[in-house]
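Pasting a structure here, questions to come.
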Amino acid sequence: MPLPESPAATESSTTRLEAFSDGVFAIAITLLVLEIRLPPEAEVAHAGGLARTLLTLWPSYAGYAVSFVTIGIMWANHHEVIKLMSGVDHGLIVWNLLLLMAISFTPFPTAVMAEHLPHPGWDRNVAVAFYCGSFTLTALFYNLLWRNASRQRRLIRPHVSDERVRAISRAYAPGTFIYGAATAIAFVSVPAALAIVGGLALFYILPKRGAHV
Amino acid sequence: MPLPESPAATESSTTRLEAFSDGVFAIAITLLVLEIRLPPEAEVAHAGGLARTLLTLWPSYAGYAVSFVTIGIMWANHHEVIKLMSGVDHGLIVWNLLLLMAISFTPFPTAVMAEHLPHPGWDRNVAVAFYCGSFTLTALFYNLLWRNASRQRRLIRPHVSDERVRAISRAYAPGTFIYGAATAIAFVSVPAALAIVGGLALFYILPKRGAHV
Amino acid sequence: MPLPESPAATESSTTRLEAFSDGVFAIAITLLVLEIRLPPEAEVAHAGGLARTLLTLWPSYAGYAVSFVTIGIMWANHHEVIKLMSGVDHGLIVWNLLLLMAISFTPFPTAVMAEHLPHPGWDRNVAVAFYCGSFTLTALFYNLLWRNASRQRRLIRPHVSDERVRAISRAYAPGTFIYGAATAIAFVSVPAALAIVGGLALFYILPKRGAHV
Amino acid sequence: MPLPESPAATESSTTRLEAFSDGVFAIAITLLVLEIRLPPEAEVAHAGGLARTLLTLWPSYAGYAVSFVTIGIMWANHHEVIKLMSGVDHGLIVWNLLLLMAISFTPFPTAVMAEHLPHPGWDRNVAVAFYCGSFTLTALFYNLLWRNASRQRRLIRPHVSDERVRAISRAYAPGTFIYGAATAIAFVSVPAALAIVGGLALFYILPKRGAHV
């Protein structure tokens, strides 16, 4: 590995940054399934057969679905944001790398949450808070990436209106707070925290009214 | 993560939707091998050596092959369908995400089926039904994606004939029913259910007569 | 999943076939590392510490290196072959899918071989034969893909000379036999079989004399 | 698999070499998370609950972050280097393959280091040296790739100045020595070795002053 050297801002670079990010999104989303595992044979027999065991894995399926949709939303939004940018600079590469780091981490908190969801107790609160906390970090890096790129329109394409930049800033800002609130709430009420995270994913999936949506 | 924002329908988006989907297809198909595992050394010795153990893993190889070809067919068809579309809207992104979610899930039911195939009994029926059921879900999302995009030709390119749209609708409709039937049949006869799923994969692989094939 | 439908031969399809195949090559090559695992702590202590344990993992490193280079060679050659083709038909998609299936399988025989290499005995012969056998299958599918596409120049671009087509057929034919021979030899002599497989990988890595190479 | 055949140097090939390399970078960086695992339930209870257990995993998080950023830096630099090249020859393919082999290996030494970091003793020194050693190898292959391609400007595009080539050679040369030094130092002082490796990653992340950064 060479010593760090930073590329100049060039338009062509956004293509490759996007392709690399797409790869990481696609892999992180697909690795989620590896965290769903059948318990050992003895436990399957003890649980009363395979059918019942597969049903008891519902927290794994739910975690898989919510994380899958959440990463999917992030992918779609990432695309929307990057295509407004005229080039790539050191700051964008670094914030993007930290964002991808948080996204790639998702399979671990998803597995931790799924493992503890069936067992009421303090550990379950911790597991759900850990899950929501990892999305909070992701939302934070997302906002920092956008702020860094849009500050004084540093990396924004000329044809993008100031209004559109402000609209995106407004739309992205609440994410960190909502996920942060879900993290805090998880220590008090697991269902309430999950309702927030699952609700955001569901809200995105539901059909939208309006012109293009 | 920002709050959901939906991109406008733009032609260039189909390229990126396709690239992302391709990535997920390629990863899901390659992760299948991770579910093939050698039993612990003690079991290998007990089974009468490595050669015999490798032979007893035939359900894993068969599951790997059928799932690999089935995902491969889905990839080829996904390409055919997406290239008829003039753009991407919120509905297409969401149905595509749900389709990818079902496809990425495949390694888990494949492993569950392979583990239970050698041991006759109710759990084997359940495992095969679970396997067929996951393909049923995939086929269902596939149809919903297509119906959503082709309804009133919403996202269909102008040059594509109505006849071609109807032909695809006709060709895709039976998939959900056939896989759904295999799921139901699995509870009665494992070989019959596997014959359907394996037969569909084999049918695709066999050379075709006719113009383009 | 829809019922199988085969795409017409179109030039643009080779790009996407190649991109999908590249994805599978890149993932299969990177998954190899997941098969290298540290034994449990108790065994590390028993083996006389971590340094010694890391050294005893040499068969895993060797297997990783040979499989990595072998898949890398296949990737480079795949590119060379596909770019001679004017389009994609059903046969090419199917043979390519079977080729990718054999390549994606590589991590499993690599792990089986690495696990048994340190322990002399019949199981070691079987493990190495299994490893060489999986490359034999890969070489076979590679040849069938090429024969199917080049027969009567079906999918060959017009500007490619007959001589070049014959030269490739000649160059690829021995692969199946050499790997097949290594498979048979593995039952008699493990070092001889490994010398063939490792030698082919090394031969490729060594600098070549000549114009561009 | 065919017998080795080497492609002629053609500009278009750099695109595909880069796409394949990008895939391997993206996968290797995303697989890092699979090495972070929760200990079995009994150990979690023994450690005093999930919250405490998640905290004791800090070496895994730290290793994940440092390896993620380090691979990210390598990706960014790889792009900078490849885009200076006018084509691909056998040497570039081979050195690139060896570089990717070293990068794909990263998840294993990362896991080995994370597992041993909490337990003082000789094994910890060995684990950190193994980790730094794998980056040394990566840096070495990186330099060999660059030297091979830039020697007598063999593969350098005409418009790139001699000065720029020399500047890159100067910037990349110290990498191998610094990581090599960290490897040696790890046998004496674990904190000092980690300070070097972590410091290089941090140094890259920090905002830069100057023209393009």
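Quick notes on this one:
Here the chain labels run A, B, C and D in written order, and each chain numbers its own residues starting at 1.
The rule we apply is simple: contacts are C-beta pairs under 8 Å (C-beta built on N, C-alpha and C of every residue); 3 or more make two chains touch, one makes a residue touch a chain.
Remember, it's a predicted structure, so these values are computed and weren't measured experimentally.
Identification of common neighbours of chain A and chain C yields B, D. Homomeric contact chain C/chain D: same residue numbering on both sides for under half of the interface positions. In this assembly, the chain whose C-alpha centre lies farthest from chain A is C. If each chain is reduced to the centroid of its CA atoms, chain A and chain D end up 25 Å from each other.
Taking the mean of the C-alpha atoms as each chain's centre, chain B and chain D sit 35 Å apart. Shared interface positions of chain A, defined as residues touching 2 or more other chains, are 19, 23, 27, 31, 34.
Viewed as a network of touching protein chains, the structure reduces to one closed ring of chains, two contacts apiece. Interface note: chains touch in the pairs A-B, A-D, B-C, C-D. Partner chain D is touched in their complex by these residues of chain A: 1-9, 13, 16, 19-20, 23-24, 27-28, 31, 34, 89-91, 93-94, 97-98, 100-101, 104-108, 111-112, 115-116, 122-123, 126-127, 130. Interface of chain A with chain B (complex): residues 18-19, 22-23, 25-27, 29-34, 36, 38, 44, 49-51, 54, 64-65, 68-70, 72-77, 79-80, 135, 138-139, 142-143, 146, 168, 171-172, 174-175, 178-179, 200, 203-205, 207-208, 211-213.
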